[in-house]
Structures are given as C-alpha cells and as structure tokens.
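Structure first, commentary second.
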Amino acid sequence: MKSTEISVNSATCYKNNNLIFSDVSISYNDGDIGIIMGPNGCGKTTLIRSICGIQALDEGQILLDKIDIKNHNNNYMDKIIYIGHKNSLNNDFSVYENLEYLSAFDSSSKINKINEAMKYFDIYKYRNYMVSEISEGNKKKVSLARLLISQKKVWILDEPLSYLDDTAVNIFTNLVLNHQKKGGITIASTHYDFSKNINNVKYLNMDPGR
Amino acid sequence: MKSTEISVNSATCYKNNNLIFSDVSISYNDGDIGIIMGPNGCGKTTLIRSICGIQALDEGQILLDKIDIKNHNNNYMDKIIYIGHKNSLNNDFSVYENLEYLSAFDSSSKINKINEAMKYFDIYKYRNYMVSEISEGNKKKVSLARLLISQKKVWILDEPLSYLDDTAVNIFTNLVLNHQKKGGITIASTHYDFSKNINNVKYLNMDPGR
Amino acid sequence: MINMLVKKELALYFRNLNNIFLPLVFFFLIISIFPLVLGPEKNLFDKIIPGIIWITAILTTILTSNNFFKDDFNNGIIEIYLTSDMSVELVLFLKIISCWFFTCFPILIFIPLVSLLFSIPFQNSMVILLTLFIGTPVLISIGIFGSALTLGLAKNNILTPVIIIPFYIPVLIFSASAIEAVSTGLPFEMQIYILAALLILVLPIMPYLLKYTLGLSINN
Amino acid sequence: MINMLVKKELALYFRNLNNIFLPLVFFFLIISIFPLVLGPEKNLFDKIIPGIIWITAILTTILTSNNFFKDDFNNGIIEIYLTSDMSVELVLFLKIISCWFFTCFPILIFIPLVSLLFSIPFQNSMVILLTLFIGTPVLISIGIFGSALTLGLAKNNILTPVIIIPFYIPVLIFSASAIEAVSTGLPFEMQIYILAALLILVLPIMPYLLKYTLGLSINN
Amino acid sequence: MNISKIANLKFFYTNTRKISYYMSFFVMILFIIGIYWGLFIAPEDYLQGDSYRIMYMHVPAAWLSLQTYMVMAITGFIALVWKIKIMEIISIQCAPIGALFTIIALVTGMVWGKPTWGTYWVWDARLTSELILLFLYIGVMVLYASINDKRQAVKITSLLAIIGLINIPIIHYSVEWWNTLHQGPTVTKFDKPSAHTTMLYPLLYMFIVFNIYFITVIIKRVRLGIYAREKNSKWMEEYTDD
C-alpha cells in the first residue's frame, strides 16, 4: 500500500475579517492519530473543514502527498472520509437506507459491510427505524458506522464522541486503534482525549485566535 | 423560600408501540442534584421531556409539590427551566438578542443579568456575533447562560456538557454547585459524570428498555 | 417582557429593510406574469385584474406561511414555546400579526396605485382593498396553522398548501362575491360583514389552536 | 453506486405513494380557485384556461423548489456532496430530474383530461402539453439554482421566488407565444425549438453550476 | 353495559365479526331493492324524463358525503378531548368512505349535468365546494399516511377534520347564497318538500340504505384499523389463534 502524507502548511484563516488561526503547520503520515484540541471557538472545526477542502484558506496550503489539494482535480477525496459535527443523516430515510445512501457518495465503500458496521456500533436493532426515531447518541453512531463501510485511509472527524455513551466511546477507540494498525490516518478534534494510552498520537493544540 | 419537590411516579412511556421505559420513580427535593445516566437510547431525553410536560406519559405522573403537572393549569413551569439537546437559538439573532428573546419566555428572568451571564461563560466577546458565526461549543454556552439569567429553582438539562471544553465544564459544575447551595434542584442527563465530588447527588440509572 | 417579544419579533423582519420591499416586488412580479401568460388582450385583462390581485395575495400567503415553524422546530425553539411560563399565545399571536404585517400589508398599501395603473374604478378598488385587508390575516392564520400541523413531517413543500387551500375557500368565496357585487352595483356589505366575522372568529382562537397543535406535533 | 443513488433518490418520493397524487391535487385546487375568484363566467374562463394551467405549473415549480436544499444543509448532507469523491454532479442532476418527475410530470399526464374537461381543442392541448413538458424542467432547474444561491440565508420564503421569477420570463414568453400561435392557427414550431434549445442549454450545465454554488454558499 | 366497555377495542373487535358479515349481505339486498324501485317503479319526471333517476344515487351520495365528514369531525373531537381510542379509529376510517361518497356525488352529478345543463361541469359554488370537500378528505388521508406514529397521526388529522367543519355549511347553503345552476333544496325544505311523494319515498329509502351501507363499511374498516393497531397485543394474538 502506498504511503500517504497529509500536511497543513502554515495555514491561516480569516472569517469576516477576524483571524481564526494563523500559521498552523502539521503533517500526518501512515499510522498517525492526530488529535486536535483547544478551547471552544479556537478554530478546530474550521481547520478540519479546510483540510477537507470545504473551507478556503487565506494563506498556506493543505498538501496531500506533497501536492496542494487545489491541484488534485477534485479527486483528492478518494483517500479521505470526513464526518462533521452534523450527522449528515436524512430524516426521511431509515438508518439502513441512510447508510446505503451515504455509501453511494464514497467510491471505496462496500455496501455489503453495512450490516456488519451497524452491529459493530450496536445499532443493528434500529436498522429499520427512521432517523428521527432514534436517540441523539445513536444518530452519532450511525454516522460513525460509515467508517466501517468506507475503505478510505484518512479519517477526518470533528468531535466524533459527542453524545456517545462510555461503551460507544470504547468501541470507537478500538476502531481507531485498528485503523492505526492497518496504517490508516485518523485526524479528530475532541475535547475528551480518548487516546490516552495510544502511541503515535500527534497533538495539535490550537490557541484561541485572539 | 418554600421547599419544592418534583417527583416522577412510576412513569411508563411508549413510542410507536415500543416500550421506552417503564415504572420509573424518583423524587427530587431542595438541594438535590439529579443525574440521569444510561446508555444511548435508554430514554433519558424522553424522561426529561416528560418531566417538562412536552412528552405525554402513558402511565404514571409527574408531580410538582404533590400535584400532577397536568392539573397545574400550565403554570407549573414557573419553577422550572428546561434546556434541551438543541440550543434553542435563533440563527437570525445575535448572541445577545437571543438571550434577550429567550428571557422573554421566562417570567423569572432578569434582563440586566444577560451581560453578567455572558461574562460568566466567557462568551461576552461574541455578544454581537450572529449565532451562525460562533462555534458549536459556544452555542451550548449561550444556551447554558440562560441559567444565570433565569431565577428558577428547578433546572432540567439534557446533556448540558456536549461540545464544551474543560474550562467550560468546570464553570458549569461550579454553577450547579452554587445552585445547590442556594437550595436549587438540578436534574441533568449526562454521559460524563461532572458530579464526582459533590454531595446529595441522586443517580438514576436507566436500563435499556428492550 | 411583552415589549421585548414585540421588539424581537419585529427585529426579525426589520433586520433587513429590504425584506419589506420583497413582498411588493413579488406582487408586481406575479402580476406581470399574468399578461405574459394569458396574452396581452386589454379587455380580458381589465376584467380579471381584481381576481389576479387576489390570486397574488393568496400566493403570497401560501408562500410565506409554508414551513413557518420549520426553523423554530429544528432549532428547538418550539420547545421553548411549550415550556414557557409566559403567555405563549401572545407570542404566537404576534408572530401571525407580524408575518401578516410584513408580507401582506405592504401589498395593501400599493393597491390604490395598482388600481390606478389598471384603471379600476375607485369604489371597486376600495372594496378589493377591504376584502384583502380583512381576508389576508385569515389566510395567513390558516397557513400558519397548516404549517404547525405538518411540523414534524418529511419535507414536502406541497403537502401544506394542499391541506390548507380548502380552508381558504370561504374567504375567497365571500371576497369574490363582494367584489362581484360592487362591480355590478349591488350591495356588498353583507359579504364584508361575513368576512369580518370570520376574522373575528379566527384571530383570537388561532393562538390557542396553534399552541395546542404545536404540542401535538412535537409530542413525538 | 449510481443505481443506489437513483434508488434512494426515488425512494424519497416513493416512500409515500400519496406524494405522487399531491401535485395533482394541488393542481386541481389551484385551478378551482381561479373560477371562484374570477367569477364563473364560462367564456372568460375558457379563454384563459391555458394561461391558468401554465400559472399553476409555475406555482408548483416555485413551491417545490423553494428551500430545496434547506434540509440537506441543516443535516450536513451538503458537506457530503462537497466532500464526495463520486460525481456529485450526477446526484444533483438526479435530484433535479426526480423533483421534476414527481411534481410536474403527474400534472402533465392529466393535461389531456383537463383539456377535455375545459373543452380545449386537441391540437392546442398538445401544444400546451409540449410547452409544459419542455418548459417545466427549465423552471425547476432555475428554482433549484435559486435555492442553492440563498442557502445559508435567514428564513425568507419570498426571497428565492423574487430572485428566480425574472429568469422564468424567457420560458414563459416562448411558451405563451406558442400557445397563442396554435390557437390562432399560426405556426408554433419556432417557439418550441427555442424552448427546447433553452432546455438543452440549461439541463447539462445546471449540475455543475449547482455544485459550484453550493460550495460558495457553504464556505462560510 | 357502560360506554367504556363498548368503546373498548377488544370488545368491539370480538363482537362485531358476525354482525359485519351479515350486514354486508343485508345491505346488498337493500341496494338491489332500491335500484329496482328507483329505476322501474318511480314515475318519470315530466321535465327531465328518465335522466332524473340518477338522483337516487346522486342525492344520497351527496348527503352522505357531508354527513360522513361530520361523523369524522365529531368522533375526532371526542377522540381528542376524551381520549377514547375507538373514536380515533372511527374518525380516520371515515375519510376514505367519505371520499368515496364525494366521488360518487361528483360523478353522478356530472353525468346528470350533461343532459340537464348541457355541460359536465360548471364552476359554481356548490360544485366547486363539493370538489373541495373531496380535497379535504384527501388532505386528511395524505396527512395520516405521512405520519409514522399512527396514534400521533390520528390526533393531528382529527384536529384537521374539526377545523374543516367550517366548510360544511358553505357547501350546504351555497345554492341559497348564490344563484347557481344547481338545484336548490327540494327535499330538505322544512315546510313541504317540493318533490312528489312517489319520487320522494324511493329517495328517502335510498338515503337510509346509504346510511346502512356507511355503517357496514365503517364497522369493517374499524375492525381492520383495530387489527392494525393491536396486532401485537396479547388479546389479539389469543383471539386470532382461536
């Protein structure tokens, strides 16, 4: 498997003329777990979104394998899966259908892994529930289940632990560990450090911008 | 100050013909901190909503000072403030305006405490930001700031800690402690037990309904 | 408290002063679509212009009241309504009134001008104005009620209109009949009274009905 | 993957089979409002019925495309579109087509029946059908584009219609002109060709335009 | 026997199976008699000839379309206020039946309109409002179908039905309030019906038959509704095992 490097190169971002963060640099390689921490409002979400190309940077670049993602012809996402704050679930679909739908946006995903993924996160019993009929924590689990369906190497997660109960946090931590073992990269923002006894963790502590 | 008692009396709730929880009983008195814990999907939110009268129970009652809240002529909420999963913030308002607006729904609130409340949660600098321009954690702080503006005795909070950074969790814990000292009641669902070294905590552990 | 609510409710609309002109622009856009589509025959157009004005008003009410509570629902503000110890009925009343004031009222002001443009006789134009003045608050109320009924449902922009338009019929029938009467020289007071009675019936009940409906819709 | 998307996109509409009847009911409701408001004069009504059919189609497109991406925006699905490594343009194309198919197409099927009811001559009714068939996809596309433009904005149900209606005008002009032509016995092919050219121009570009617009609206 | 017992779902379900079965036959026979009476025994109308005989379908269907709506709204009201389960089911089951009556009234009216008015359809107040009544029923049904939780759904549709009651007087009095093509009250006038008794009796008879038909169908549908709601409950499993 080809090795992958994703790096943030002296990134600076303004919003509405306010500096959000400046000169942030970090790079992640195979097997890295990147934890982005920092107080509320320091720009974790903004940084994560710019790594995924949703948010434009004012200065600096995001490089995937040394090439600016802007020059990747829009297919740099074939190595990256992004799971944001919001669950990206469609209320008009059942849990199962949502996972089907979301998989269709991911070239690497394996539809036949959906059931397995649901079982892994212990939400199989809700498979035919409408999303609006399951609890907040279970919604988060559904969106995390995408990690098991997708075969991508780089996981970019924005506060993946919110609303999860302790069991689910452990399940998730194990999942990240397994991913690491396979050489995958995980980049996650979080307030609760799930990585206490994990190796190869790269912390990025963001100071409040102002 | 008259003492207050709020109690759940063998409450049972079904949704769509599925049992969510059954025969839950607990009661809270002045100075109590009630922590509702349990795995995702066990019905914490549902219970909390039924205590606030938003969710109808199929069996059992919620009693405020020994009187069923259904017989309180709709003004039983004059002792209770409820802050749910969702932040109840209007995206078209600034932070300050939102707090003004929300205070108007609360007979006990003191408008002149809004600035103080924002300072307490360290969001004063965002006072003129639109809600859509602040980070997720800061939105949560805005909705928690209502606790300082309102003068109500019973706080009912659904996962108040989500998205908060450590500083904010401490601020919140102190707030609850202060409230307890003044004889207030706090009922909160949470996955992260902020009440480790607090007295008078009443735990309600909800088993998964099925 | 109450002035705070009024202030905030108005602020929502006043935030962007353009918003006040939007209904007007919309009104003129729709009116100018008709001759495009129906053909520019002058006689025909003159005949149906009162009807077209009414149709346009109906559209405005359908559009503005569609998904009226959707944002409040998504943001959890409906829960604030239902757990408030203040008079939420008042808030809901305010919401109806301000929705009407900022979407229908601007149109009403321009009716005399429109009448002049399309050479509608003065008395007729006054009756049109009157029926709109009494009728549109009822329509807005009905529309808002419809959006409360369909609150928790999957997105369906046509469902609410389909549910509420049948309730528009009484208002439309009496308004049209009043306009018809005045243009043929018959007395039209009766119809206006009936419209007014509808308004007096609907407006005070609506806030209570809305609160009840929101409670039903959210208790899910 | 692609069939999955098609399947899911259709499932959204097929979930509730009633939804397919809704546009139809809406169509008849709007049509029946006109005689109520304009008065039941038969001659008048016969004259304007093609126009009314078109107006109703316009309304349907405005209503269904209003806030088209709002739910996807709130739920974060727009972010999925923008971070997908699949052809999102295809998804957007599908969304346009299925929106059209489930809101305009049911109406089109019933045009012959409606024509019968209102005794519109066969050839005229075929031209109406044709203009609608070519025109409504364009209108839906424009509407959806408008809702992408106004995605992150405060709730304003009238803003998007005001923005998009001016773009409706070309379609309306040529359609009306074709209908006018056929009812006066003149050739109408030219107008149909122009309409078809519009369609061929708009439909393939729209998905790209939409993706770009969504990216702009969300980079906030 | 008190009301709560009759209103009990189990009581209703277990006690109406036979009744519903026999009533279906009964109503069929009544219909055949009525059709024979209306088509062959009743005299020819001096103005309209034989075409008026469609009245024996049209008028009862039109009446029932209004009546069913009222039943739907009233039972809905009872369901909302007193939370009686069976009323919820009756209320929602009225909608498709009412829609059927409305469609019959519309179609027979159109068929009747062609020979008498020379056109199938005119946009007068009564015809339009009857069409709107159909849309009201459809609105109720669509809303019901759109809500997943059916207990919730009935509450919401009941509310809709109650508010919709306001249209009923409009439909009924529209002919008096506007000069329209449609026939004014001929039968329902208080003093003296203006129709001849030999024509009137079969009409009244048909009205009663339509009512019995309504009751038969509503019982059948309510049974289905109860089954759908209670199919997982203990008593239903026991009952269907027998």
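Which chain is which? They are A, B, C, D and E, in the order written, and residues in each are numbered from 1.
In the analysis below, a contact is a pair of C-beta atoms (placed from the backbone, for glycine too) under 8 Å apart; a residue touches a chain by one contact, two chains touch by 3 or more.
Model, not experiment: these values are computed from the prediction.
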Chain whose average C-alpha position is farthest from chain A's own: E
Greatest separation from chain D - chain, by CA centre: B
Rounded Å distance, chain A centre to chain C centre (Cα mean): 46
Rounded Å distance, chain C centre to chain E centre (Cα mean): 33
Geometric centre distance via CA averages, chain E-chain A, whole Å: 57
Centre distance in Å when chain D and chain E are each reduced to the mean of their C-alpha atoms: 36
Per-residue overlap in chain A, given as positions that touch at least 2 other chains: 15, 85, 91-92, 133
Chain D, residues touching no fewer than two other chains: 15-16, 19, 22, 25, 29, 36, 71, 74, 154-155, 220
Shared interface positions of chain E, touching two or more other chains: 125, 128, 132, 135, 138, 142, 146, 148-149
Contact footprint of chain E on chain D as seen in their complex: 16, 18-19, 21-22, 25, 28-29, 32, 35-36, 40, 42, 45, 117
Chain D residues within the chain B interface of the complex: 152, 154-155, 220
Of all residues in chain C, those that touch chain E in their complex: 145, 149-150, 152-154, 156, 159, 162-163, 165-167, 169-170, 173, 177, 209, 212-213, 216-217, 219-220
Contacting residues of chain A [partner chain C, same complex]: 91-92, 132
Chain D residues touching chain C - in the complex, by the definition given at the top: 15-16, 19, 22-23, 25-26, 29-30, 33-34, 36-39, 44, 47-48, 51, 54-55, 58-60, 62-64, 66-67, 70-71, 74, 103, 154-159, 161-162, 165-166, 168-169, 172-173, 175-176, 180
